[in-house]
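Which chain is which? They are A, B, C and D, in the order written, and residues in each are numbered from 1.
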Amino acid sequence: MKLPDKTAALEDMIATIPDGATVLVGGFGVPGTPFALLQELARQGQRDLVVVKNDANEAGMGIDHLIANGQVRKLIVTHLGLNANAIAAMNAGAIEVEFCAQGILAERIRAGGAGLGAILTDIGLGTEMAQGKQQVEMAGRTMLVEPALRGDVALIHAASADPFGNLTYAATARNFNPVMAMAATRVIAETEVLVPLGGVAPDAVATPGAFVDHVVTLSALSQEYGIVRR
Amino acid sequence: MSDAKSRMVARAAREIAPGMVVNLGIGLPTQVVNHLPADFPVCLHSENGLTGIGPTLPYDRADRNLIDAGGAYVSTIPGSAFFDSAVSFALVRSGRLDLTLLGAFEVAQNGDLANWKIPGKFSPGVGGAIELAHKARRVVVLTTHCDRKGNPKLLEACSLPLTARGRVARIYSDMAVVDVTPAGFALRELAEGVSLSALREATGAPILIPHADIPTF
Amino acid sequence: MSDAKSRMVARAAREIAPGMVVNLGIGLPTQVVNHLPADFPVCLHSENGLTGIGPTLPYDRADRNLIDAGGAYVSTIPGSAFFDSAVSFALVRSGRLDLTLLGAFEVAQNGDLANWKIPGKFSPGVGGAIELAHKARRVVVLTTHCDRKGNPKLLEACSLPLTARGRVARIYSDMAVVDVTPAGFALRELAEGVSLSALREATGAPILIPHADIPTF
Amino acid sequence: MKLPDKTAALEDMIATIPDGATVLVGGFGVPGTPFALLQELARQGQRDLVVVKNDANEAGMGIDHLIANGQVRKLIVTHLGLNANAIAAMNAGAIEVEFCAQGILAERIRAGGAGLGAILTDIGLGTEMAQGKQQVEMAGRTMLVEPALRGDVALIHAASADPFGNLTYAATARNFNPVMAMAATRVIAETEVLVPLGGVAPDAVATPGAFVDHVVTLSALSQEYGIVRR
């Protein structure tokens, strides 16, 4: 036996994403954002997307290209604070925005990746974040039902990958990538470095390849991956 | 292993398609791996936190920290990964397991499976069987056609506590390959030397017989 | 930073006890770290997946993959750990965060906190603030006593959407150290040069004044 | 700043466990079982314990010592198949046994470690595993409520640790250890190797030290840690 090879061409993999898809996008700020996959998605122009991401990047970067192109129908995020374009689009009604508490977004995605229906939490009780959410009484306590969240596609940024899709992440570029890599029907991982099978030590694997469908290797990193001087 | 069992296991190995992620249950299913070509592209999963299961090792070469879910000392292959029990079953429940081959006490003609408990006799706990049976994309049973006393395991309805309802798609036994269809059990292949009447006698439910020639294995 | 702000931040640093796991909110709270001794035993947590935050680095020495939750380029120290966002908030929600210092738009005398949304003006999303405020073992606010227009931030009741109900234990401002008690706000310390009457005027709720001498900072 | 030192003596840490405690115990079979911590718990003799563990080890090993001593009031496990003593104690009514599906036990503990109230799952529906469990209707589907599970203490086995409690695990000795290390009021980790701060690379940390209360270093590994010849 040997492990299957999942290496593929970036353009071909993005071309599998249909209009209307729910797309999970890794990253917290710049680190871990799959800028190359997003650039190609912006170039191909799929529309009516539901984008799930911690934040909306900054103007001119990452998912801001999708927002600027009018490709995004709905954003599910924890905050938009660094992207004035996204806030303007939200205020103008051009995109629908659903805000989630950051750790609850992570848990909803993880629950999707773990094949659960939902999590029960008290986070948000007593605030407007609880409005409209199903409540359950459990052992005398009120809990909010936070439904599992899955994507049709997940776009992941890895530091290194082997051809089977075992992934590692660098420093705080890990963030939402591991949970998102578990929670989509089709998981596309871009990697800075492709190593041969066995090149990632079994104990060092952060996302097991069994969750990953496609591995695309980046030949170079665009400017968006670099240091942001503010 | 008897010749009939060995042929059953070899036949079941052909259930595995290239590229699949597969969990082989404890016991006979584990043997299936011995019938795959050396370079066959497949990912074997073990519930205790391993993908990419390599060959079983003798005690003197074993790693005390590296076992499969059945307790056998196994090894890694290039690309193996270790992970915790939560991640391991996340993989099972979220649809990443293409196939599981499980043992059975009883299989019903509607696909119900009982393989974890015999009230009053055997109740060691369900382990990972319930999640494998509920959530693998395809659930296949590998079992002798009858139990040690000669009683049929393929039944109209299970009498034992269920592991999962309606999830078994196919049974590989030492007598036949049988699919679970909306109309009940349907014969697909016969083991060499097994007659239709012997099969019917050993099966505790009606079994649909195809009109065409029946392949043997 | 003004002298009063600087003294407030220095005073807040003494809130941190040896051995604590602490999350410092974006903005002023982040500055608290500059007032800790070099070998002070503490673990700083950043929501984006880091424990053991090291010094902020200039752009030319920064690691593009290593930021804190506010986007600053930080560094590691011996014993730092990286983890994913789910684990990061598991730590917050399961009681492993001893202390969080947060900014505030409004704090009410019952400990209610509003710090994430001003309807019609500022609604960038709640980020991680709601979980920090709900689940840190101790929630402390670090803020100027009044907003930029001179309106008090310490109020009888919050008018803005809440981040959390009744969770604030203490406020460090540029005018005073104020505890939230069952009887409402209670003065603990005064900033140098601030009079009781100035404090009362700048506070939008009754404030209990101790009979004893009031320490200054 | 520097990270706090949590190294401690094994006997002292076990002595903090009171009678009646709920104790989470890592391990799946031999790998990852904290045999030294368990041996000391057997020696000290705390009683009325609720023990949460994947399995009951084998006769004469690990938690079997606690069962043999009559220290265990209740076991929460996924199976007892390899320990005839445990099955006999269960059948005799000497210990109460609660069986959980393996991945659901992992998720219940993880939910405890993540500060959630419960998970909602369809695992077990249609089987006797659903009996007596709270059900919730969610978007037209029936789900079982599986409550979060926490311990007063967790006993963890690490391959290496630094003094702050950053842990690594070896191969399949990982299993339940990472989720249990998140889910107890007091987490005691035994480690085969103690490295200095910085000795575990930040990307290689499997359990962040912020979850761990005490680190005890093993001077030697008893026979129980070795290969089991069957």
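Quick note on the criterion: contacts are C-beta pairs under 8 Å (C-beta built on N, C-alpha and C of every residue); 3 or more make two chains touch, one makes a residue touch a chain.
Since the structure is predicted, the reported quantities are computational estimates derived from the model, not experimental observations.
**Student:** In this assembly, which chains make contact with chain B and also with chain D?
**Tutor:** Intersection of chain B and chain D contact lists gives A.
**Student:** Comparing C-D against A-C, which pair counts more contacting C-beta pairs?
**Tutor:** Per the contact counts, A-C leads.
**Student:** Going by the average position of its CA atoms, which chain sits the greatest distance from chain D?
**Tutor:** Most distant chain from chain D: C.
**Student:** Indicate the whole-number Å distance between the mean C-alpha point of chain A and the mean C-alpha point of chain C.
**Tutor:** Chain centroid spacing, chain A to chain C, equals 29 Å.
**Student:** Counting in whole Å, what is the centre-to-centre distance of chain B and chain C, each centre being its mean C-alpha position?
**Tutor:** 57
**Student:** Could you please state the distance in Å, as a whole number, between where the Cα atoms of chain A are centred and where those of chain B are centred?
**Tutor:** 35
**Student:** Find every residue in chain B that makes contact with two or more other chains and list them.
**Tutor:** 50, 76, 82-83, 86, 89-90, 92-93, 135
**Student:** Which residue numbers or ranges of chain D touch two or more of the other chains?
**Tutor:** Within chain D, residues 107, 110, 114-116, 121-122, 169-171, 202-203, 206 contact more than one other chain.
**Student:** Who touches whom among the chains?
**Tutor:** Here the touching chain pairs work out to A-B, A-C, A-D, B-D, C-D.
**Student:** Which residues of chain C touch chain D in their complex?
**Tutor:** 18-19, 21, 33, 36, 38-45, 50-52, 76-83, 86-87, 89-96, 135
**Student:** Going by the contact rule at the top, pick out the chain A residues touching chain C in the complex.
**Tutor:** Per the stated touch rule, the residues are 28-32, 54, 77-82, 87, 97, 99-107, 109-110, 121-124, 126-129, 159, 169-179, 206, 225-230.
**Student:** Where on chain C does chain A make contact in their complex?
**Tutor:** 46-50, 59, 62-69, 71, 73, 76, 82-86, 88-90, 92-93, 123-128, 130-131, 134-135, 161-165
**Student:** What does chain A use to touch chain B in their complex?
**Tutor:** For chain A paired with chain B, touching residues are 1-5, 110, 112-116, 162-164, 166, 182-183, 185, 196-198, 200, 202-203, 205, 208-211.
**Student:** Would you pull the chain D residues touching chain A in the complex into a rising list?
**Tutor:** 107, 111, 114-122, 134, 136, 138-139, 141, 143, 145, 147, 168-171, 202-204, 206
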